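One structure coming up, written as structure tokens, with questions to follow.
To keep things simple, chains are lettered A, B, C and D as they appear, and every chain counts its residues starting from 1.
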Amino acid sequence: MGPSSFSMPSSAERMHWLEMMLLIRTYEEQLAELQTQGAPGTCTCVGQEACAVGVVSALEPRDRILTNHRSAGHLIARGAQVWRLIAEVLGRVDGYCKGHSGSLHISARELGVVLTSTIVGGELSLAPGVALAQKMGQGEPGAITTVFFGDGAACEGIFHEALNLAVQWQLPLLFVCENNQWQAMVHRLETMSEPAISHWARGHGLPVQRVDGNDVEAVYAASRSAVAAIRATGQPQFLELITYRQRGHYEPDDQTYVSAQERAHWLERDPIQLLRARLLDEGGLTEDLWHQMMRAAGEQIATAVAQAQASPWPTAAQLTEHVYA
Amino acid sequence: MPNVDPLIYGDTGVARLNVEQAINLALLEEMRRDPRVLIMGEGVATKRPEFIREFGAQRVRNTPLAEAIIMGTAVGAAASGLRPVVDLLFAPFLTYAADALINSAGKLRYLSGGQEQFPLVAMSMTGAGWCVGAQHNHNLEAMFVHTPGLKVVMPSTPADFKGLLKSAIRNLDPVVFFTDLGLLYQEGEVPDDPEFLVPIGQACVLREGADVTLVSYAKTVQTCAQAAVQLEQLGISAEVIDLRSLKPLDTATMLASVRKTGRLVLVQEASGLCGLAAELAAVAASEAFSDLRAPVLRLTGPDAPTASSWALEQAFVPQVEQLVQAVSALVGTPCARLAS
Amino acid sequence: MGPSSFSMPSSAERMHWLEMMLLIRTYEEQLAELQTQGAPGTCTCVGQEACAVGVVSALEPRDRILTNHRSAGHLIARGAQVWRLIAEVLGRVDGYCKGHSGSLHISARELGVVLTSTIVGGELSLAPGVALAQKMGQGEPGAITTVFFGDGAACEGIFHEALNLAVQWQLPLLFVCENNQWQAMVHRLETMSEPAISHWARGHGLPVQRVDGNDVEAVYAASRSAVAAIRATGQPQFLELITYRQRGHYEPDDQTYVSAQERAHWLERDPIQLLRARLLDEGGLTEDLWHQMMRAAGEQIATAVAQAQASPWPTAAQLTEHVYA
Amino acid sequence: MPNVDPLIYGDTGVARLNVEQAINLALLEEMRRDPRVLIMGEGVATKRPEFIREFGAQRVRNTPLAEAIIMGTAVGAAASGLRPVVDLLFAPFLTYAADALINSAGKLRYLSGGQEQFPLVAMSMTGAGWCVGAQHNHNLEAMFVHTPGLKVVMPSTPADFKGLLKSAIRNLDPVVFFTDLGLLYQEGEVPDDPEFLVPIGQACVLREGADVTLVSYAKTVQTCAQAAVQLEQLGISAEVIDLRSLKPLDTATMLASVRKTGRLVLVQEASGLCGLAAELAAVAASEAFSDLRAPVLRLTGPDAPTASSWALEQAFVPQVEQLVQAVSALVGTPCARLAS
């Protein structure tokens, strides 16, 4: 089933995407700012917002999500309460995980987000089991699992094992590789050939789409078709989203190791600017609306920060809670 | 091949089964009781055609040869409502599954602030007996005892294998379940009651005694029991404790015994450094210090990989004679401190 | 470089291969027999002798070998003293590893056999490092590394990691997958698709040959060309040898789980019978010579068993020798 | 970024360096000394452009993100004449490398009957300080102490980092080298002598005392040192021992001290069960039994994963006040046994 079999997203829908991408970016920049004031560093998804919004918009509430250390976009696109995310990053009791997780391991059952893994590949390790449970009747019928991971994770052996299991066991699992060109301080072309990820995936015999990860509409279309195919066939699908990590690996990161040329190339292809320009062009968006949107996002995040900062610290009594059942 | 037809039971409520049969009986009963239970592993299904017949191929799964994803899949499935039991075959293969066990199963309940749970069982075999060498035979149970968030079980009798495996499957925490392969074909009486459970975390006093407490688990429980018989002939009354569970560790049973006997000898096949015997000695030196009348002894495997050669494989394991000798010396020695 | 650029092996050479294959089989059958008398079980390579002889014959003494639990053929083809192999299996001090290894972890530095790994995939884990050392000037110039592993090992994540590293780092490494259709008690088609192994390898972008592993001449030709290419380019190559595990996984193994039809199909394609028939046809071999060969192999093995059985057991003093330097 | 220009040394023969710099200095000196030494890991080269300039890209290697093959490659390279040092970044990532470390590096010398050797170093960081949570911060050094065939090092001062890393690189056995990340930017005097080596397996008495022996390693050595100062004010004289190496474990230094003080308190950040403190307590309860005048105490991290929240991360680690309190109670308590 190709993307053409879906009706194109409405203008309102795409305006909503723009809002969401903007909210994600504002959130990430706010956290980077908080880091400079002493909060724990985070791995921001600045530059990759279209991946998060495009894929998550194609999912339904019954579906399950696993993701990696760069998960804020996925969580926010999934409807996470931003103040509870910030509370978690700050280590407060109102965080989704009571401060146990910090930014790096957030799960939120109410959102169907089973896992943020900061072990690179941990999300790939658990994802087939989540999909297996769906296949075997746990959760809502017809539900699927989506696993987000990076180009770096594709180098880990667990990538190969997870793909093989998903194909052999016919699991309802959508693999989403956000290929952002970097693996911490190592450029991905130091670790693999240009088309490696898709080639590796194709070697497993499942359908693979290679998509411009900075074009939210393209990501959405590819995701819609992949999700529909998984629901129809029960078999896994693979998306490689070509994108770029704009802010570096972990706050703070001066990125002295990144070539200026590469950065410039990708900053010109910023996913938010792309969608914004398109909507301005089409007339659904005006400069005025855009500034309203920016202001709204800024206000929403500022409120969330204040609410998160008001949340209490855990006490030492919590130190050994939730280790065992 | 499992041989667990319930008809083997007479009216007595017990059957004579070996450890392998007891394990299969526990699996069979729990799969009958709870449709969420499934078993996975390399050859798990091939070995159990009658399980496939009864439960279907969905719940009895051969896997690709890939321990990391087998374990990870179990963790993901457990988080999503299933009750997976995975057979990882031999303990050294747990190293491939170590991330899923240690970083996922052991940590994610905590890291999620209690949102997630991981009711699963990871089984494997280890120990001297088959001359298979160090890449199949490595008693590394202490690593998982050290790891937060996991429970660890290592029984010594067929009845305990049945009762503890059933408890493990019903437990809401991940349980690492070790089978001493030297015990696999040993027989014993096993209750046929499908509600026969041995609680995780309870040691058992195998034999009462007054002069010294011998604590062990798995194969070397029998070493202790045999030594106790010989010690009796030397006029030394030894109490023998089978830990059965390694985590939670039933230190209360040990401490009660040491308070009575004043002497403690810890026996394990695993290498000594940072092993279970070390942990128990530390507990005794802290909690039962004033009751101790003699140094706490450990008799353990050496700090060496296990060799394949039968001669070396056997020499690796604590021996009855060594134990008898060590205990006699210990009991014979006047307590230096009291004497001084 | 194709196989055609080599002169065909001489008749004498092929007679020698037949002898070697026969010696390997006689050895394996003898060990199976010893197992019934109480010796430790082994993983025999009966049915796969052409793989061992074909590949190892294409290597030079300066090259290094890593292999797996089914390594006897590789060791014998490499010139191992059979009595010392048997002594090792029996756990005696004259074994290659003084009885520490048994059959499952044999290494023999004098033969350039770095490792037998019985951790499936262990050989793949170490092989790139051995090749890296060669590339960086350790050992003799121009030397390469060969790693033998099974179809099952290709399911382990380390397979993916090893291939990627060898390709990225341009290591002089020959991957030899002996695809014998079985992974202990699991048929490989329960774990992967028919052409999976070659597809996975091709996904890594290195040259892959899929070869009849029961035809020693084909194996040799493919190995020769692969080895020459590695020496010429410094880059890795991949061979998938299609073969069959005739005797089961580990002695004893009644193979009740194997279909009679499959077995029958493959027994008809026995590698020793294939070469024997070909040589009889060509006239280089006669029935008489064949019987002489069989008798010689039998005698050689019988002598070796006696010599091995005369070797002493290790004493407990050896228990902690060679743990540390 | 390393900053180890030898010019930073004055005439004194020592420089003030932090731990990160001390590590880089050790690497630099050993790579100059021995062309077989190479470093590998994710970002190892990116972080060290001046190493690439001096030694070339062959010996300073970024790797794909794949810990299992990084470690396995090191093992294979070590077996073949190189001296690899691998940076695995954070200790929990060692789980992906566990097979190569435990089943290969630890066992293959033995299994080969002494034919093979594996001179390599596997580095990683762990410990509280960065609020990174349990998948980055997990003190699992005891697992590798339990494992035969490996050596384990975990220093606490910049000088020891330099001296022990150099010894590790020269050692013929595989060494697992842990850096407490809480110490990374702590400074200290480091000898500039390129032959300055700290032998693996030698503890160091940091402070002499008469009433109680405090033994620790890594970050909590300072906890002990600070507690000792406070205890002095309470009239209690504490001896402080820094283990530095965890395997081989220098029990002789500890035992000599305990024979003098009669009291032993073991402090570690790692969870307690089957940890180093357990091992040392067991050794004392066996070897120094008659010299012990009080129960052996352990002050350790709890049996829990580490949380990210700063409040919880800090609470995980043994605190000076806890230690002072525990020691005061211990010294104050009359020995029940002597009294009875």
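The criterion applied here is as follows: a contact is a pair of C-beta atoms (placed from the backbone, for glycine too) under 8 Å apart; a residue touches a chain by one contact, two chains touch by 3 or more.
The shown structure was predicted, so the numbers you read here are calculated from the model rather than taken from an experiment.
Asks: Counting C-beta pairs in contact, which chain pair has more, A-B or B-C?
Replies: Taking the two pairs in turn, the one with more contacts turns out to be A-B.
Asks: What is the chain whose Cα centre is as far as it gets from that of subunit C?
Replies: Of all the other chains, the one whose centre lies farthest from subunit C is A.
Asks: Indicate the whole-number Å distance between the mean C-alpha point of subunit C and the mean C-alpha point of subunit D.
Replies: Computed value for the inter-centroid distance: 42 Å.
Asks: Rounded to a whole Å, what is the gap between the Cα centroids of subunit A and subunit D?
Replies: 37
Asks: Using the touch definition from the top, which residues of subunit D touch two or more other chains?
Replies: 63-64, 66, 68-69, 92, 95-96, 99, 103, 107, 110-111, 133-135, 148-149, 302-305, 307
Asks: Send over the residues of subunit A in touch with two or more other chains.
Replies: 95, 99-101, 105, 117, 119, 121-122, 155-158, 161, 164, 168, 190-192, 323
Asks: Which of the residues in subunit D end up touching subunit B in this complex?
Replies: Touch residues, subunit D against subunit B: 92, 95-96, 98-99, 102-103, 106-107, 110-111, 133-135, 138, 140, 142-143, 145-149, 247, 249, 270-271, 273-279, 281-282, 284-287, 289-290, 292, 294-298, 302-305, 307, 335-338, 340.
Asks: Which residues of subunit D touch subunit C in the complex?
Replies: These residues of subunit D touch subunit C: 36, 38, 58-59, 61, 63-64, 66, 68-69, 71-82, 84, 99-100, 103-104, 107-117, 148-149, 151, 171-173.
Asks: Where on subunit B is subunit C touching in the complex?
Replies: 42-43, 46-47, 62-69, 92-93, 95-96, 130-136, 302-305, 307-312, 315-316
Asks: Which positions of subunit C touch subunit D when the two form their complex?
Replies: 64, 66, 95-101, 105, 107-109, 114-115, 117, 119, 121-122, 124-134, 136, 138-139, 157-158, 161-162, 164-165, 168-169, 321-325
Asks: Over in the complex, which subunit A residues touch subunit C? Could you list them?
Replies: Of all residues in subunit A, those touching subunit C are 155-161, 164, 167-168, 190-193, 196, 199-200, 202-205.
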